[in-house]
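First chain written, first letter: the chains are A, B, C, D and E, and each begins at residue 1.
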């Protein structure tokens, strides 16, 4: 592969999912993670849109990386992202109108998600198509995973259901399905992950 | 002379006898008359609420301190006080689950997560109330208990189904006055025979308690006076019939204003400590209270007003520094 | 300078390509979007139609506020034989003008333009629309009223479905910003379905009571859960019937929201009934042949 | 407080329990001679004095045994006649072990004879030289060499001499007794200092719990015919009235700027004890090796005001006064608010020792400190308008840099904040630690 | 001082002044759930009969008259209080007609919220009631990123308000004069982002040249602003709500101020948090999230507020 660096598919995926998880580790693009995670479905759809935009932009940039002039690279990236965001926006509006209504604003706002442009800058502009694709997949999946994870947590506790399917006949903790609970959910889960990681490292160190 | 061990320590070697525990338990004790009145007015379940609130918050405090490897400091009374104040801002008819979860939220999230006493930004009891208000909205808005008036206060038409402020907000001043306007109503309102949160009903007992704290110099006059004065002023200015027609007493005696002004807004940790900043803080609490009561979505605004001013408290603390003894020497 | 030109050209090409791409995709998806949206709307409306209705046509009456010289009149865009017509009435229901409307009226922007062309002078502002479900003979099977009413906090947007006799078929809450757990419960079935089956006369006298909702009534109101809970629909009808003529049971802790929504429904239906009377008689006076009529043609 | 018509300072201040009753009624009694004196060579601020004697040398009472020729400091004199037993170390409350001269008293030697001199006609420079020669330092506690303090920078004009008789610390009554019993000497001292400074006005500030001292001083002033120049002014009883800056403000209304000297507002402040020592040095030619100190506290059998020579060991004092009780837990040199607790009774009396307090556990309670609850009492108490609570929080988290914003360097460690703190936080300790860390420039 | 007072008075007058005021009815307001209060320029006679002489319709439905249940005259006939059967709201507009006597023609009056009051309510709404950070959960990356230090927060806040306001005006103009007439709405995201990026770049260049001092203070934040959700959300919202220029400006100002306020408060709290003994795993971002959650709970106090 190019630039003398070697990336395996698995490594790229693991990177996005765990090591540099956009939400829990890099703490980037957290607006939807707070506002849109009171159910799993919204988290999934938004994650899907981000995944699409990330992969598409990564691929586009890595294809045209020699064409894009160095000094206008940021505006160019923004235009590329905005294009793919518009595409996914129009696609969702056309083919998933029912779900689209709830997440419309956030789909448009994917344009300004720092995670996407930072991947373009850091990775896609220096690598060929295939690693860029997998990098985008990793990051997008990591984002989607985080969103859905918070979503599962909140939807189950908040409304006793998952993906809109009633699992419990009552609502264990109505509070968790409320918008402000998103902050608490992410704060607590972030701390939980940190704690687990520390424990894991300590355990590995002992071994 | 036998060699003996002398204690060394840094000056001063004499100390004032005020202690944190003394302050907290004094406030706790001063609050109790209102609790007994509520138990008489709303029934003994109030005592069960208070027991759950105080007990849970003390347990939660001990558990959290254990978990975080800190010395357990239940004797300083701050956890017990938080639990009691939390129960004071709950409607008397709520189930025991509410003070339980509320106390856990207040202590674990509102206090210990920030490092315990002294580092929380929001009054733990009030932030827990805000949490309960969104988490258990129905219970927090409907479980009022209508007191049975003692004979000397019973008016001709003493039937109401909401707190005085809810009546005022949703049915207007006329409905309020019909209920609480006459001499009987005013007395009932002043003595504490009216629907409301567990600990806010009696301006008389709370006011006396507050005065005692003032006299003991546990709290300073700045916050309560500024808060009550600004509430009264705004209530008078923005009256229901145009400017300068309001009835300040209606707003001062109703709801949690007295409780908030003497016992909530004056919480040391979450309010500024300089006199000027305290005045601003108190005035802000009063203004926000009236803003929420007159324009906001809730009939009562004291809780949120104090919470919002708690957000501003670090800023005030930062802006209003003590006046220094003298400016530094000018270097020529 | 050459450097600058190169950069500008570079950026320009990128923008051009993406704009072109978007244009292509837009033209493709826009049609689908509209089609899907219309289908969704019609599907949600057809829930309120009788099962044996046969072929159903949807027709819309759009109401405009026509302002000219300090007075406000009302313009109705009506489907009439051979297209659409703009009928301008004064507040008392007297016909001021009628003009055919050229061009499609389904899309709001296009309709606005068409109304503007049809109008001789003055300003026209879109107010709201009534959607009518018509059978093949033009008889009204159901009417759908969209409107808004003040809730406890901000506006609540409603959709009321009425039957041919102007009895309520159902209520849907389209948008609201009420408190979660309190006023937001207006979107729950157990509140909305209390309106179903009310006749116009009942509706006019409908009030709100602050009584707890009986459990059996709640069970019967939550129709979408019947299947999941294994409830026999036939058995529930009797329960529903028992309560169907009582006042609306307010949501616990949200009496005001309940009352405002109830009042909003009442006013929307009353206004609709009045307006339909006016429009039908005015259209007859003006010599228009609307595509709908109470008894069919 | 102002309503009483008495002057005081404006910001802060506390009212620690006075506890002066035990000692204030006791007349000054001389401490009987002991066999061995351990004279510290650091009885002033500045570097240790250089010893002038060596083991085996014979010394006479008042002979200079240590001298400071360069830099800040004051000479040290032998308190008795006898033989130098050697150079040893004694415990300084702040600096730890410091060099000292051990002297075995010669029981045969008679009392020293001092020749009075007619100082009234001496030029100021010579009077100043006499004060320097006698090793007079500030007797209030800081031990600043008096001759330095009496030579303010020439560009500043001084118009007022202030004598500090406030004695705001609890327990202490040494200055009180001195003013009462040696009032003419104090007034003469004031005259000496006025002569050195060449200023027209002297104001003696005395806290109003010493009314008899005020009367005595007034009588002495009028006896000396100095009514026009010297005035005695009673002050409100409030701690820290005796702090230099606070006293200046109380008497003149002027505020010394932060980082400035009293001379910046035209004042020079001296303790009444210092004035008396200056009088003895100039008029009698007697060096400074003796002072009045209060021994008090529940831990000592008999409280007393002792006229005590420097170099006397604390255990000797305790023995003289009937021993110390079992309950005594703490021995403090100086007042309870600013004094230093010593770890053992080997410590010796110095020129600056205004009191020796043996405190029991009730008087000096011990408590674990808790977190700051931001009650703001320390802000109210601080006479300098600082924020001790914030400084302590920063210091506790080892962010010493942050403390400077709140006026770290203006703090003179009066202890008012720590006195009132309900969480019993050792605020002074935090502040001292910050100062030390920042001074030595090391992080952490 | 007196001049400042004068300005304040003038502003107050403007705020309270109603948009349309001519004829007998000077002013009107919604004074209760079922109540309208009118201030009259000319007093009505005490024996004036309201039945048949006063009419109220909602501006949206002139054909459905509202039922006036009673009308009473106060203050010697200068104030007329109408009680209606239907609930009224200060959010909507009402057309009133009033006939002083049988001989005179009916006088019309439109009762609606004053223009400045409307702008005020938009500003307050965007800044406090619907605060972007605490109620709409937008702009969080920058919110958590730039709230570590107070100076950073202030710098970011000011730059943000500046860019926000200017770009909102531009976006409004471009959308209303270019995109909408040409039916190019599908390009809105790309256009808006482009405008914002250009704007930030432009400001960067201009500041660098014109005011290097300010540039040194704000320059770092300018680049970050492009990745802030709020900066794009505000144009999208103003387009969705079809705001006019002034309303757009008010929205932009309000949301910028609200964001700056949130940032500043958070920065003050986080500076104090550094001194707190927070559990190890919560240090840094997790505790910041919890704080933001508590702020959001406190800001619920503004919810449902209407002016």
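Descriptive notes on the structure:
Heads up, the rule we're going with is that contacts are C-beta pairs under 8 Å (C-beta built on N, C-alpha and C of every residue); 3 or more make two chains touch, one makes a residue touch a chain.
Everything numeric here is computed off the predicted structure, so don't read it as measured data.
Minimum number of contact steps separating chain A from chain C: 1.
Considering every other chain in turn, the ones in contact with both chain A and chain B prove to be C, E. The chain closest to the protein's centre is B, with centres computed as averages of CA atoms.
Greatest Cα centroid separation from chain A: this falls to D. Summarising the inter-chain contacts, the pair of chains with the most C-beta pairs in contact is B-D.
With centres taken as mean Cα positions, chain D sits 91 Å from chain C. Mean C-alpha position of chain B lies 48 Å from that of chain C. Inter-chain centre distance (chain C to chain E, centres taken as mean C-alpha positions): 29 Å.
Within chain E, the positions touching two or more other chains are listed as 186-187, 190, 194, 275, 277, 279, 282, 287, 290, 297, 300, 303-304, 306.
With touch defined as above, residues shared between interfaces to two or more other chains in chain D number as follows: 371.
Multi-chain contact residues of chain A, defined as those touching 2 or more other chains: 75, 79, 82-83, 86, 90, 174, 178, 180, 184.
All chain pairs that count as touching, in label order, are A-B, A-C, A-E, B-C, B-D, B-E, C-E, D-E. Chain D meets chain E in the complex at residues 371, 393-394, 396-397, 399. Note for the complex: chain B touches chain A at residues 109, 131, 134-137. Of all residues in chain E, only 274-275, 277 touch chain D in the complex they form.
Contacts from chain B toward chain D in the complex involve residues 1, 3, 6-16, 18-20, 22-23, 73, 76, 78, 115-119, 220, 268-269, 273-274, 321-330. Against chain B, in their complex, chain C makes its touches with residues 152-153, 179-182, 210, 252-253, 256.
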